[in-house]
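Think of it as A, B and C in the order they're written, each chain with its own count starting at 1.
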Amino acid sequence: MKTNPGRFFEDYKLGEVISHAVPRTVSGGERALYHALYPARGALYSSDEFARSCGLPQAPLDDLAAFHLVFGKTVPDISLNAVANLGYAEGRWLAPVYPGDTLAARSTVIGLKQNSNGKSGVVWVKTEGVNQRGEVVLSYVRWVMVRKRDLDAEAPMTTIPDLAPAVPASDLVVPEGLDFTGYDFTLAGEPHRWGDYEPGERIDHVDGVTVEEAEHMLATRLWQNTAKVHFDATFRPDGQRLIYGGHVISMARALSFNGLANAQMVVALNGGAHANPCFSGTTVKAWSEVLDRAETAAPGVGALRLRLVATSGGEPFTLKGEGGKYLPHVLLDLDYWVLVPR
Amino acid sequence: MKTNPGRFFEDYKLGEVISHAVPRTVSGGERALYHALYPARGALYSSDEFARSCGLPQAPLDDLAAFHLVFGKTVPDISLNAVANLGYAEGRWLAPVYPGDTLAARSTVIGLKQNSNGKSGVVWVKTEGVNQRGEVVLSYVRWVMVRKRDLDAEAPMTTIPDLAPAVPASDLVVPEGLDFTGYDFTLAGEPHRWGDYEPGERIDHVDGVTVEEAEHMLATRLWQNTAKVHFDATFRPDGQRLIYGGHVISMARALSFNGLANAQMVVALNGGAHANPCFSGTTVKAWSEVLDRAETAAPGVGALRLRLVATSGGEPFTLKGEGGKYLPHVLLDLDYWVLVPR
Amino acid sequence: MKTNPGRFFEDYKLGEVISHAVPRTVSGGERALYHALYPARGALYSSDEFARSCGLPQAPLDDLAAFHLVFGKTVPDISLNAVANLGYAEGRWLAPVYPGDTLAARSTVIGLKQNSNGKSGVVWVKTEGVNQRGEVVLSYVRWVMVRKRDLDAEAPMTTIPDLAPAVPASDLVVPEGLDFTGYDFTLAGEPHRWGDYEPGERIDHVDGVTVEEAEHMLATRLWQNTAKVHFDATFRPDGQRLIYGGHVISMARALSFNGLANAQMVVALNGGAHANPCFSGTTVKAWSEVLDRAETAAPGVGALRLRLVATSGGEPFTLKGEGGKYLPHVLLDLDYWVLVPR
């Protein structure tokens, strides 16, 4: 067998470091495609001039594009036989990615727990994206439920990692040189500063995008994510292609520009749930809730902790129903930190 | 309210200058996408070598792509509450846009007229696209009908700008250095020179492209045009997404290569009407009529004034029916100047 | 008539050299789009760093993208009135194409044979892609059946070129500097070396991609291939758009990564048949057969001759039925040479 059957639960060993294949160099092409695929309008990512006025050398690749690129590399080793993508934690963006940079990815197995049914187990990995200078540009923990190949394989010792419920504000990394003291709010699109957002405040982002098969496949392929379920209409019994959860994340984040135009740089992913599957034809909408606020040491730079909820419709600000279960129209519930001018 | 409700008729003041948000840096990525989205084959825009042989430093971004980028920036301020896009005039391209350039946009309100029903009014703006060196790269007048928020708001003094029916040939700006004396007609694709086109001549461009939802959304997003009606299938009662008029312009212009391969650089937009809406599934075809011819001072460079008509089928060269109304199959009637080797 | 009616059979003269129009400069944009359109993961084409570790200056444009670009240029002169694309032979890639390169194309008529019905004939051309330094980057023979315009036109003398059944291994051109002695199999995605592939071995590539109208049109336009049948849903009586055969080639080649991750550089096209037409909605799958193996003089570099079969389903490894006819689920049968680390 020369093709990759993917790893099964019993193939993961605690502490093992997996080097993922197919490093990727990004260019203005990936940046242009990100703008074609999502209604992304963050000025810092759209304009080299704006980025320079904020102390960066040029406009970086969207932080979520960097995340998708790294995530995509992990799929053949981590989630080819995954039954479910269970969660994210401790995601941190540590350095911007610029055109010309090459990203590779590696994951360390940090937790294992066989399910009581003996047929599958949960694998926790800490994944790092690394650029051509060996700098870790982002890092996150993800856990997935993976099937066993051999039901008789011995269960590993249960190890559940101790994960922070949210990245502490003191651990947020502000890109070197970032300075929002000369920030141009007119060019950025909205006047709202860090101090204008109150914890508890909720924003309906109003706009919606109806998603198409061609679009989510272009996006998912762009990140070299090869999970069959996104591309092969014959794979699921219902003939539907499941949209990559990251496509919904990027769509919702881009939609959140309307009300959060100055929420420029994503610096941490505290957690996230893909509450319900998303399919072609869905009109994705989004709302946000301000969860927390923090200062940073960088000039003019504050941080907001936000909940970003993507929906397929339904009333804005509705999230969970009886028993704490996500309502059927909720696609995504994401918890992240973002840098905002003060 | 942190989201942008858009401006209503009573929010515009004569003489006001509106700085539009989200400057944009273009790269080879936008150029490649333009070629993927439209059957564009103009040699000057396809090949750096060909552009250099015509005296330019490299292949510019398609002139219409530059127009779309600037237009897109104006949408949140000008046409979010527009009922109709009424017309264009006095459009002039003043300098080519190259990969690496950053475009911003500003609009001056040059006309206002409340409608007799008191519910809406017409707003005329002169929009300028500006590059990172502060050079105006293109300029055009556009007028739209905009709803009033408050029907009791006082009507402004009526001011209707005096607009030229067409940009005079003497006002056309030929890009610095452009020289068609060594123009390679074989590489460009057709032998027809400026002098081969006679005013009154009409050309059926023969080819057709059936448009898809994913394509027009990719294009419209690429220009950061966020009008809901292009993206959200739940927005219109009929569940259809209206295709951005500029997508039809670019499609028709690209189709016109077949017969106008040497109509290289768009230098003026004299006027234009989106005669009927366009939806996914339409097969767009195009025909042209030569309206005028002019010489320029640049070596080997002539100008043609052309009518470009996009249709959803129907007989070529049919345009208007009884009462001067556009026929149902006419999508676009555009009047522009283009530079052609002599 | 200013539009291009295409050439008919009687318009081709033996020995004639046709210079094709519209040279094209490629950038990171084309590279990014190739990754969005196909599940391409060859490390050498994905990462500048990986390419440098193999002795190249940076990651080249995918070899098939270079082929499509050259092929696209020939369409208006060779296949606008073609009834059928009959075959390929003697295809050789002679130098990699890098971002910044400009490609032009020319074809020499090397064979002519009028059909016995007197209504059409077969034209053989040798096409060369040439970069901005005048270097031939690829060369192939293709033959098509073309209609006659004038059934009374005299038949040309029949000349059938003598074509090699396969490019001899000794004629394969290894890119200058290519060195696989330090090849990183982990980063490339699979451990299988040249010596691990045995002639006769067959590999089912397992994955499948369901193709969409928007995708194949984006791809085909990107290569400036303008054949109506790919874009205009009103062109065929059944309202279907025929997918460009090259789209199927690239899709199948990208799918073949799973099992052939180290089959990095395509250096020869021995032959190929588009066995059945492909339409939107088809789920493309692929399998390969190892046909031959050869050594090269370059350090660590071996060559494999492979059959690549694209299907719309059906049993893997089934190809032809009674009478040697391709089975209905076979889309493509391609025979090529590829460079692999030893």
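Operating definition for what follows: a contact is a pair of C-beta atoms (placed from the backbone, for glycine too) under 8 Å apart; a residue touches a chain by one contact, two chains touch by 3 or more.
Here is each chain with its UniProt name: A, B, C = L-erythro-3-methylmalyl-CoA dehydratase.
It should be emphasised that the depicted structure is a prediction, and the values quoted were computed from it without experimental measurement.
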Indicate whether more than half of the residue numbers at the subunit A-subunit B interface occur in both copies; give same if so and different if not.
different
For the two copies subunit A and subunit C, what is the rotation angle that overlays their Cα atoms, in steps of 5 degrees?
120
Please tell me the distance, in whole Å, between the geometric centres of subunit A and subunit B computed from their C-alpha atoms.
36
Where in subunit C do residues touch at least two different other chains?
27-30, 32-33, 99, 212-215, 218
Considering only the defined contacts, which subunit B positions touch subunit C in the complex?
27-33, 35-39, 41, 43, 46-50, 58-59, 99, 186-190, 192, 196, 203-210, 212-215, 218, 258-261, 281, 283, 313
Okay, in this complex, where on subunit C does subunit B touch?
2-4, 19, 21-30, 32-33, 76, 99-100, 102, 104, 132, 212-215, 217-219, 221-222, 224, 226, 228, 231-235, 241
